[in-house]
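A, B, C, D, E and F are the chain letters, set down in written order, and residue numbers restart from 1 in every chain.
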Amino acid sequence: MSEWLVYHNGKLVPDADAKVHYSDSGLMFGVIVTESTRTFAHTPFKLREHINRLFRSMKATRIDPRMGTDEMERITLEVWEANRHNLGPNDDAWIVHNVTGGKMLVTIGGWEFGEPTVLINCAPIDFTAFGSFYNSGVHAITPSARQIPPQCLDPKIKHRNRLHFNLAEYQVKAVDPYGFSLLLDINGNLAENKGANFFVVTGGALRTPTPHSVLAGVSRQTVLELAEGLGIPTVEQDLQLYDVETADEAFFTSTPYCLLPATRINGVTIGDGLPGPVSRRLLAAWSEMVGLDIVKQADLHLQTEAMSE
Amino acid sequence: MSEWLVYHNGKLVPDADAKVHYSDSGLMFGVIVTESTRTFAHTPFKLREHINRLFRSMKATRIDPRMGTDEMERITLEVWEANRHNLGPNDDAWIVHNVTGGKMLVTIGGWEFGEPTVLINCAPIDFTAFGSFYNSGVHAITPSARQIPPQCLDPKIKHRNRLHFNLAEYQVKAVDPYGFSLLLDINGNLAENKGANFFVVTGGALRTPTPHSVLAGVSRQTVLELAEGLGIPTVEQDLQLYDVETADEAFFTSTPYCLLPATRINGVTIGDGLPGPVSRRLLAAWSEMVGLDIVKQADLHLQTEAMSE
Amino acid sequence: MSEWLVYHNGKLVPDADAKVHYSDSGLMFGVIVTESTRTFAHTPFKLREHINRLFRSMKATRIDPRMGTDEMERITLEVWEANRHNLGPNDDAWIVHNVTGGKMLVTIGGWEFGEPTVLINCAPIDFTAFGSFYNSGVHAITPSARQIPPQCLDPKIKHRNRLHFNLAEYQVKAVDPYGFSLLLDINGNLAENKGANFFVVTGGALRTPTPHSVLAGVSRQTVLELAEGLGIPTVEQDLQLYDVETADEAFFTSTPYCLLPATRINGVTIGDGLPGPVSRRLLAAWSEMVGLDIVKQADLHLQTEAMSE
Amino acid sequence: MSEWLVYHNGKLVPDADAKVHYSDSGLMFGVIVTESTRTFAHTPFKLREHINRLFRSMKATRIDPRMGTDEMERITLEVWEANRHNLGPNDDAWIVHNVTGGKMLVTIGGWEFGEPTVLINCAPIDFTAFGSFYNSGVHAITPSARQIPPQCLDPKIKHRNRLHFNLAEYQVKAVDPYGFSLLLDINGNLAENKGANFFVVTGGALRTPTPHSVLAGVSRQTVLELAEGLGIPTVEQDLQLYDVETADEAFFTSTPYCLLPATRINGVTIGDGLPGPVSRRLLAAWSEMVGLDIVKQADLHLQTEAMSE
Amino acid sequence: MSEWLVYHNGKLVPDADAKVHYSDSGLMFGVIVTESTRTFAHTPFKLREHINRLFRSMKATRIDPRMGTDEMERITLEVWEANRHNLGPNDDAWIVHNVTGGKMLVTIGGWEFGEPTVLINCAPIDFTAFGSFYNSGVHAITPSARQIPPQCLDPKIKHRNRLHFNLAEYQVKAVDPYGFSLLLDINGNLAENKGANFFVVTGGALRTPTPHSVLAGVSRQTVLELAEGLGIPTVEQDLQLYDVETADEAFFTSTPYCLLPATRINGVTIGDGLPGPVSRRLLAAWSEMVGLDIVKQADLHLQTEAMSE
Amino acid sequence: MSEWLVYHNGKLVPDADAKVHYSDSGLMFGVIVTESTRTFAHTPFKLREHINRLFRSMKATRIDPRMGTDEMERITLEVWEANRHNLGPNDDAWIVHNVTGGKMLVTIGGWEFGEPTVLINCAPIDFTAFGSFYNSGVHAITPSARQIPPQCLDPKIKHRNRLHFNLAEYQVKAVDPYGFSLLLDINGNLAENKGANFFVVTGGALRTPTPHSVLAGVSRQTVLELAEGLGIPTVEQDLQLYDVETADEAFFTSTPYCLLPATRINGVTIGDGLPGPVSRRLLAAWSEMVGLDIVKQADLHLQTEAMSE
């Protein structure tokens, strides 16, 4: 692990040395935005889209990164090149950006700004954390806590003020230690998982919540594009628990796993309780697009892990 | 500045060395709670109340500090003793606790917990940041962003997921660079400032928002107790902007300044535009309680600063 | 069981014969209100209060019972007398009223009313269903579903449109098969259990939700009165999950068990995890009032059951 | 009337004998779902769609019918065949399913399930209850009570917890004894009638509320399909009272009458106060689809009734 | 009628000549606040309280009257003296203030202010409009429209943006041409009548909505004070329709009639359907305070009217 | 100015004489609806659409104008012809309708209606009030006050109950004396300006709020039609502040200026801070449609003004 290098405000440092002072506004005031890009066969996927969204998050939070998107992309690729040798042939990695407001001096009667803190790190994807769910499907669970409404803090900003997600997770894990949270918004509509978007399949069509109370995920967007290519109709609308309970299929989308079928919701079987044909077609199309069998990659990791036990 | 020492997980380290790894759950997931206690004439004020609230925050966020309130108090006083020599006779300090979930490993299909990160630091109170407001009063301004509702993340937990407060502050400072935010909740009731509670005085009685969408501040509680001692009636109820605009007096309460009169709301003069008699009586009673003239202490700092310019 | 008699529209019939036609408005349109009174040592407790509330429920639902409160009380006592011989000396019973709108003919363009359906039945209280909780305390769990707001259907009417409670119960039992639901209202405030009110004890004072989104329970009222007699302060106010998580004690109140301590909330220990002194004082005062040791009665039933296994 | 037979848990019984015990969970806990299918010229219309929705309602309420959709359809048709001889040539019938949770034993600390109660009954449609409205149009009235929001109990489940509809009906009938309720949701958007969906026609296009707070009616779906065939644009969106007051036409859709024009809203004339051309075209297309003149059938019944007076 | 004089920006003019230009901001932008004071036996009642509230309304709407409360009171009394001769011995009058923003020039990119428009007029109270209701009680009706929430426009400002009240009135009059509106707020709590506050009497105590979504009426305040004098407990809290339906008594309070019993709510009888003892005691105490039998005064007017027919 | 004539209930009177009695329901009860039509090169633009919307507003407010749309159009054109000579060749005018409920007699126990007050006036457009914004763009600012929700008073009715807009304007002008308000609705979605609709341009597509909480503006509709002609995709959906902060372009639409680019939102630059290509294309297409260069016309006025200083 010691060979992983982290970009920290202009320098590459060993991962263990990438620390921020406790007074950093990221820690003190939650002024921190982020992106996670993954690689497929060691090639970053939609890196530019992630960087563009990072800059939208920074604009909405008034963080000035002191560089443009081109420079951010160039640096990111340098960080990636400095770390990719750590991966084996079947491995892939996250490339994670974190940018804080730095030494923002928020006093009682005013404030001043210093340099932002820019961190870019890479880490191998742990396929064993989710690989088995491609076949079994995951268990979606709605906690009683609600997603923060956009009039308070917009979930379209990809930030790290995630305490509410963390507290919701306790309620979810109390039901099923491998459960996936599915938060509702304050009107009771489906919102999102702590790090993933959600889709249902009903009568052959994809339905997913509007971008009102959710992150406009890159994986979500990828699924919408793949569906268009496959001739699968898609609708963005307000959805409720009933729509999941009576769906034919459902799935989460997120950067590390792309798409994971959800086969139970609050203990109720979704469809026939198995990953469905639409989910499988989308995963196949995604695999084809990135030139790598997404499920197979995870399976190989699971086999390796099983042998090593 | 180099003599200030910070408690960091069992050790006292120089302030500049008190850093956390970027992967700490305080930074990555917003799992961080906090308290700020101030001293009066170098004596910590209501330290035990602050520590008790810290433990309530930790309980509600499932952070296990691996120590009890007695030990936390003992360590805190040790940190204070190690730093108090940095203060001049007219100085006083904050004593600040920050506790994060530490190396919480939140994976896609599970999570594990490590040791929490416990930080206790001290810093001199910058009286010049607010001292002039005791006489002029501050300008309260309601931004368009709303306080996060308790069904999403309870403001009674004193945490550091404060990005929404920070964004609101931009709207406030656009009106008045020295303005104080006064957030409304999603029903349009008065909530709180980013770090302070709010009171209005109407017909001789104190009125302050219920604890629904605000921190149950220690200073707020102190004012309620002082008012009782002075025979001033107090009411906790839902309040709206109208109640501020038509109040006789209004004020903010917070640890560093105790009580600051608010003499304008969104550009409208409150009462006669000057700090009022009830505010002054409360400040006088508070000063008497702590054996130190709160306003005078700030004035002396302002004079010192003026001379040094 | 065959000796229990049920009052059904003027007649006493064996329990098994107490049936309603499928077209009854209680079944077809949810036009059904109810009350449950219990006995202590074979004496009905606050029967008149229950009957008064039944008449308030009927008034609010426009059910005309074709009799007054006096006659309802007289009939109820006759039903009770006809059934009490079924009880052993340590037994006690529920006396349950159900009144439906009867053969209400709701057509597309109008409606007509017939005679209401009045049912009064008795049943022995199954103390083994809750007796062990006096010592262990129960586990309160907040489901993601919310209490129906009073602007849609007022929970102060004691009716049997309880499908939402039933669905919430599935979420609760998924966490803990013996868990007790604690529903929030649509603003995220604590509301009630499917058949019980809820209290927290904080700093020696009782706090319970306002009657906004909850039934104004007879047991809730009894606790408020007992607390007054014991000099325990009581407050009705909006409460949130934080208030339970950080309470010293908490308990449910309901007709069959009077008061059951809650010692966990969503997996978090409340106070020290044991029934607390205020709960015990209230149970003792209640026992004294009714001349019967409430906890002991349940314990005897648990012992009898244990021996019979 | 004595010849009508009702299916009750495996048996055909005379209508008068189809009774449920008062302790059935349908009555005690509102655990009851339903469907109403009508016949056209003695042929059931979209029976399979109704049965599919019944199974969705059962899935969402966790009622296990102990049979599949095929068996339910087979039994339903048997019930229908056993009753159709009761109809005259110009008559048609409802075929109504009611399924309850049966003897669900919900105790304080747990619950157990027994066999569900399955009831299927037929009844002749009373065309005189609505027949005159095809020509006069109905009067839509918005009561002050609001539709229950889906986060509490989803109206997409076709259940019988309808007390709130019943109470709303009193407000409606106070304005006009033949008025039709049109409930708003808690945001003030148009929702639905107690048993019908609602459409407005504006500038030649059909507009109807989204499925958020309404039943996704089979008749509603039929209208959307007929409109598509006729080249009439359709939109599902949030609508408000203004949209009805300023519409060119409006109508209700429901199983017994298919489509009834609404020509007044809260006393205000809609359009020119007469059933409009789009409503008439849709009724004509529906009649053609089912091979029966829907309006004429009702007219004949009205004439028969008039003669018999 | 020609002898009534109106104060209009410094002059007394005949009522018919008191006109404002169509471009006045009162008409164009709704910038108009108001007060209505009544006389008892030709003596203005609580004039200063009304003027104080008028100034609070002006402060909250940023209207600068160019005079203080003393001058406003002096002018008001002059207007009153100039008009009182129009009254007969059993007559009394309203004294009505209307103040608009005057020729406020609101352009697209800015605005300028001119002189406000100040109008003070008197008019005889038409006792026949409400006199019979002291004995019969009024019929309270809840329209489907909701009170405007204070976060949009605070009802504590006594302004004349009353279109929503007017539209609600149509719904009310459709039920009963003499019905009194009782608006709910957007949470379904009781708010107020278009010009009156509302109280219920339950178990001997007065309950009235909190000042959240209602005008803090001078008559409402008078009732609270009279109740205190009579030893009647009073509570300000959120109330719902159920509380009216199950109340012992209910009443409206407003300047012209002081207190009018409400004996029906949405067609349901309140209490025994007659004005109750608490209402009568309050009216008697009010009469005593003002030295005039309030009910008798109205009765005499009704008799005079009856004779003149 | 003295030559401008105003239509007032059947007569043309000099502008200064167009006054309404203070008791007019437009002033007393806010019963007043309005339209503003502008001319391009002295030709009224979409006059019939404006008159149709005026009649929809009157229908929704139950104002009976005692004339039809044809007569209203004819009279309007007569008023226009009587005033157009006041304009210079580069001038254009507003034609403004105001219709009130007239002498509506709203008594306590009833009401009566008299003749409505119909006012039609013309006024020259002051191009200098906004002309410079075509090049600089305007600064959009979100006040803390919220748009009135349609369940209280529907913004689709074009009325003059605008006190809330006026109060919001104070908050906006405190940030920037030339700022444009952009109100949010009570859910935090973008609503509208006090007299304008709002659009964002993202990735080449136009997005604008749904008609839920905004006026369905004629200019808004014109932009949607022009966009269709230009092949620019358009979406009506719920939008939030984030969508403005991260937009490529944004603009307001309103009758006098047609379309004004917004280049800042709450101090944040939108896109590159300059009017964007989509805004310019739409303005060009609009100019072409009306045969007049909209920006040039304003520029000429600015030049004339500059010369005259």
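Here, a residue touches a chain if its C-beta (ideal position, glycine included) is under 8 Å from a C-beta of that chain, and two chains touch if they have at least 3 such contacts.
Because the structure is a prediction, the values reported are computed rather than measured.
S.K.: Just how many steps, at minimum, does a route from subunit A to subunit E need if it may pass only between touching chains?
M.R.: 2
S.K.: Would you mind checking which chain's C-alpha centre is most distant from the centre of subunit A?
M.R.: E
S.K.: Please work out the Cα centroid separation of subunit A and subunit F, and write it as a whole number of Å.
M.R.: Here subunit A and subunit F have centroids separated by 43 Å.
S.K.: Compute the distance, rounded to whole Å, between the mean C-alpha positions of subunit B and subunit D.
M.R.: Each chain's C-alpha centroid was found; their separation is 57 Å.
S.K.: Find the geometric centre of each of subunit C and subunit D from their Cα atoms only, then give the gap between the two centres in Å, rounded to an integer.
M.R.: Whole-Å distance between the two chain centres: 34.
S.K.: At which residue positions does subunit D touch at least two other chains?
M.R.: Answer for subunit D, listing residues that touch two or more other chains: 60, 62, 146, 149, 151-152, 157, 170, 184, 186, 188, 241.
S.K.: According to the definition of touch, which chains form touching pairs?
M.R.: Every touching chain pair, ordered by label, is A-B, A-C, A-D, A-F, B-C, B-E, B-F, C-D, C-E, D-E, D-F, E-F.
S.K.: Using the touch definition up top, name the residues of subunit C that touch subunit B in the complex.
M.R.: Per the stated touch rule, the residues are 184, 187-189, 237-238, 240-243, 245-246, 268.
S.K.: Quick one: which bits of subunit D touch subunit E in the complex? Just the residue numbers, please.
M.R.: 142-144, 146, 170-171, 174-176, 184, 186, 188, 241, 266-267
S.K.: Using the touch rule from the top, collect the residues of subunit A that touch subunit B in their complex.
M.R.: Of all residues in subunit A, those touching subunit B are 6, 16, 18-22, 24-32, 60-62, 98, 100-101, 104, 106-111, 119, 121, 126, 129-130, 133, 138, 145-149, 151-153, 157, 159-167, 169-170, 173, 177-178, 180, 186, 195, 254, 256-257.
S.K.: Contact residues on subunit B for subunit C in the complex?
M.R.: Against subunit C, the touching part of subunit B is residues 56, 59-60, 62, 149-152, 154, 156-157, 210, 212.
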